[in-house]
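Down below is the structure, laid out as C-alpha cells.
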Amino acid sequence: MQEQLWKSIVLVRDKSPLVQSITNYVVMNSTANALLAVGASPIMAHAHEEMKDMVSIVGALVINMGTLDDYWVKSMHLAIAQANALHIPWVLDPVGAGATPYRNEVLEGLLQLRPTIIRGNASEILALASKHTTPTKGVDSTHRSTEAVDAALTLNQHFGSVVCISGATDIIVNKDSMVKLSNGHPMMARVTGMGCTATALTGAFVAVHPGDPMKATVAAMALMGVAGELAVRRSTGPGSLQVNFLDSLYTIRETEFAERLKVSA
Amino acid sequence: MQEQLWKSIVLVRDKSPLVQSITNYVVMNSTANALLAVGASPIMAHAHEEMKDMVSIVGALVINMGTLDDYWVKSMHLAIAQANALHIPWVLDPVGAGATPYRNEVLEGLLQLRPTIIRGNASEILALASKHTTPTKGVDSTHRSTEAVDAALTLNQHFGSVVCISGATDIIVNKDSMVKLSNGHPMMARVTGMGCTATALTGAFVAVHPGDPMKATVAAMALMGVAGELAVRRSTGPGSLQVNFLDSLYTIRETEFAERLKVSA
Amino acid sequence: MQEQLWKSIVLVRDKSPLVQSITNYVVMNSTANALLAVGASPIMAHAHEEMKDMVSIVGALVINMGTLDDYWVKSMHLAIAQANALHIPWVLDPVGAGATPYRNEVLEGLLQLRPTIIRGNASEILALASKHTTPTKGVDSTHRSTEAVDAALTLNQHFGSVVCISGATDIIVNKDSMVKLSNGHPMMARVTGMGCTATALTGAFVAVHPGDPMKATVAAMALMGVAGELAVRRSTGPGSLQVNFLDSLYTIRETEFAERLKVSA
C-alpha cells in the first residue's frame, strides 16, 4: 500500500493541482503554505460574485467552518453548488461542530450537499452525526473512537462521504473499507490549524484522484502523520514544529515515508 | 512573588482554559499559537448568531480592535454582554487608540462595558484616557511613562479595570497597587502582534484567576517578557524570534523564569 | 546604482514610514512582519468609517486584491480617493488578475484611479493590460516576458504607473526607462505571499521616495531578491525560508547586498 500512497504524493507534485479553499482566517497562511509545500497551488477567494467562476477552474474545493459568518456561509453554498454541478470533489472540515446551535444548523445544510470527504476529530464527527443517529446515543455520552467510527459510518451511509476521524490514530471510513494510520505526534496538537492543514492537503490529493476519494484521504493523512513525525524530531517546541513541518512536506523522500508509515486496512 | 507567578503558569498548563478571541486578522494565527503554546485552548469566532453560545463555554474573552469594522464591533458587543452577564472576565486591547475618530468612538463604547483588564502601549493608554482626564492634559503633549501611569489610574478609577501599560518597562496598575516588570527585548517590537499576544495570554491567565485580574496580568506579562528574552538569545532576527518565542512559551522551566524575572511592586 | 539602492534601504530603516495596507487575509501576518523587518511601520485597517483618517497619516498605501469582496473594494476606493487627494503614493497588487470577470471589473475600476506603481507577475500584468491593447493580442496567446513588457508599457502609457513584472527576472518599466533584476530563487515561489510581500515593501520604499516611484520599486525588488537568496542558503524548505527571509531583511549588510545584486538598466 505504501507504494500506492507514495505515487499519490508524487502525482500531486507533478500535477500541481489548483485548490480553492473557503477556510478560516486563523489558518489561511499556514494552509496555503502547506499546499505550496506539497506542490499544489492554493486559491483563497470568497466574493459571491466570483465563486462560480473560481470553482470552475480548480481541481478541488475545501470548505472549512472555523470562522464562519453569514457572508461566508453563502460563499460556501455558491462554491459547492458549482463544484457539484461540475463533479469537482469537495472536502468539508466541520471545525467546532457541536459548539453552538448556529454552527450545527449551518453544518446540517452543508451535509445535505453531500461532501465528497469529511475530515474532523472524534468530537466533531460525533456532533455531525448526532442528528442522524438513533436518539439513545448522544454526543455527550462518550467520545471513544469506536463510537466515532459508528458516527462516521452513519455519515457515510446518509451522505456518501468518505469520513476521516483524525486523532492519535486516524481512521478513514468508506462504505466497504476502513483504514487506520498511527503516525503523528502529540506536539502537533499544539500548533494551530494542523487539522485544517490535513483537510487542505486532502483537497490537493482528491484533486489528482477525483474518482477515488478514499485513496486521496489515506494518502493525505499518511503524509501529514509521517511529515509531522519527521518535523518533531528537529523541533524544540510548537513554533519550530510549524516551520519544520512545512520543510518536511517539501523534502520528504520515499525511503523516509516507507520506513515510518504505520498503516492497517 | 516569582513563585506565585510560576504557579499561575503551571495552572494554565494544567487547566487548559478555553479563551474566545475577537481579534484582528493580522495576529489570529500567531496569537492562537501562543495560546496553544502556554497550554490554553483558543477559539476564534465572530458570527453574531453564535456569540452568546460561544462565550458561554469559555473561561475568558479577548477583545482586540486591530482590524475592526461595524460587523466585528457588533460581535464584540454581543460577546461582552454575555461575558458580563455570566461574570466571565474579558480583556480589551485598544489597538491604534487615538489614530482615528471612529476608533475612539468604538473604544469609548467598549470602555463603558467595563473591561476586566485593559492592555495597551503608552500612546494607546493615553489616548483611551484622554476623554476622561482634565482638558489641560492632551494626548499629544508628551508620552512619558509617568503620564501613562496617570492615564492608567484614571481608567482604573472610571471603569474599574486593571490596566497594563506595556513597553520597555511594563507597568500594571490597579486601584491600590502597581507592579513594574523590566523583562523583554527591543527586537520583540519588530515582530507583528507581540502586544496582541500579550493580551491573548492575559486572557488565558485571567481565565484561571477570574477573581484576581491583577495577578493574572502580572503573570502573563512576566511570562511574555522572560520567554521573549530567552527566545532572542537563539534568534538572528524577527523571523526566528517569532518561532523561538513560541518554543520558549512551551519549554520554559521554573529556574529560567526565576533567574531572569525582574519585578518590583 | 547599487549605492543608491542601499541608501534607500537605509532611508527606510531611518525614517520608519507608516504604510497602510488593504491586503488579503492570507498574507497579513507575513507582510506586516516583512514591513517591520525592513524598519517600516505597518497599519492594516479597512473600516469605511476610518479610511479617510487613516490614509491621512501614512506615507504610502498598498492595495492588494487577493481576498477581495464588495466591502473591501469599497474600502480600497475610499482609501485611494484620499491618497490621491493628498498626493500620497499607492501601490496596486492585481492578485489573480484574469481569473474571474468580477476580479477584472474591479481591477479596471482601480486602474482608472491611476496607481503610482503596479506590481504583478507576467500573467497578471498581461491580464491587466488586455483590455487596453489591440484586440489581436490576447491574454491567452502566450506569456513570454517580452509580451509582458509590452503590456507593462501599455499600462504605463494609459495610467502613468511604474509597472513591475516580477519573475525569475524582475522587469521594472517606466515611460523612459527599464531596469532588470536577476536575483531571487525558485524556492521563494513555494512560500505563500512572496509577491504580496514585494508589493508591501514597495509601499515602504515609495513612502520614503514619494517623488521617485521608479527608484523605490527597483530598491524594493532588489532587496527582495538579494534577501531571498541569502535566506535560501540557510533554509531546508519553504517553512524555514519564510522565517529566514524575515531575518535577512532585518540583518542584511551593504557588502552582502552589493556582492549579490544583479541589476541592469
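What to note about this one:
Order of writing sets the chain letters: A, B and C. Residues in each chain are counted from 1.
FYI, contacts are C-beta pairs under 8 Å (C-beta built on N, C-alpha and C of every residue); 3 or more make two chains touch, one makes a residue touch a chain.
Please read all numbers here as calculations on a predicted model, not as lab measurements.
Summary of the copy comparison: rotating chain A onto chain B for the best CA superposition needs 120 degrees, to the nearest 5. Counting the residue numbers that touch the partner chain, chain B and chain C have less than half of them in common. Centre-to-centre separation of chain B and chain C, using mean CA positions: 33 Å. Listed for chain C are residues 25, 29, 242-243, each touching two or more other chains. Considering their complex, residues 24-27, 29-30, 66-70, 96, 99-103, 189-193, 235-240, 242-243 of chain B touch chain C. Within the complex formed with chain A, the chain B residues making contact are 25, 28-29, 32-33, 36-37, 42-50, 53-54, 57, 71, 242-251.
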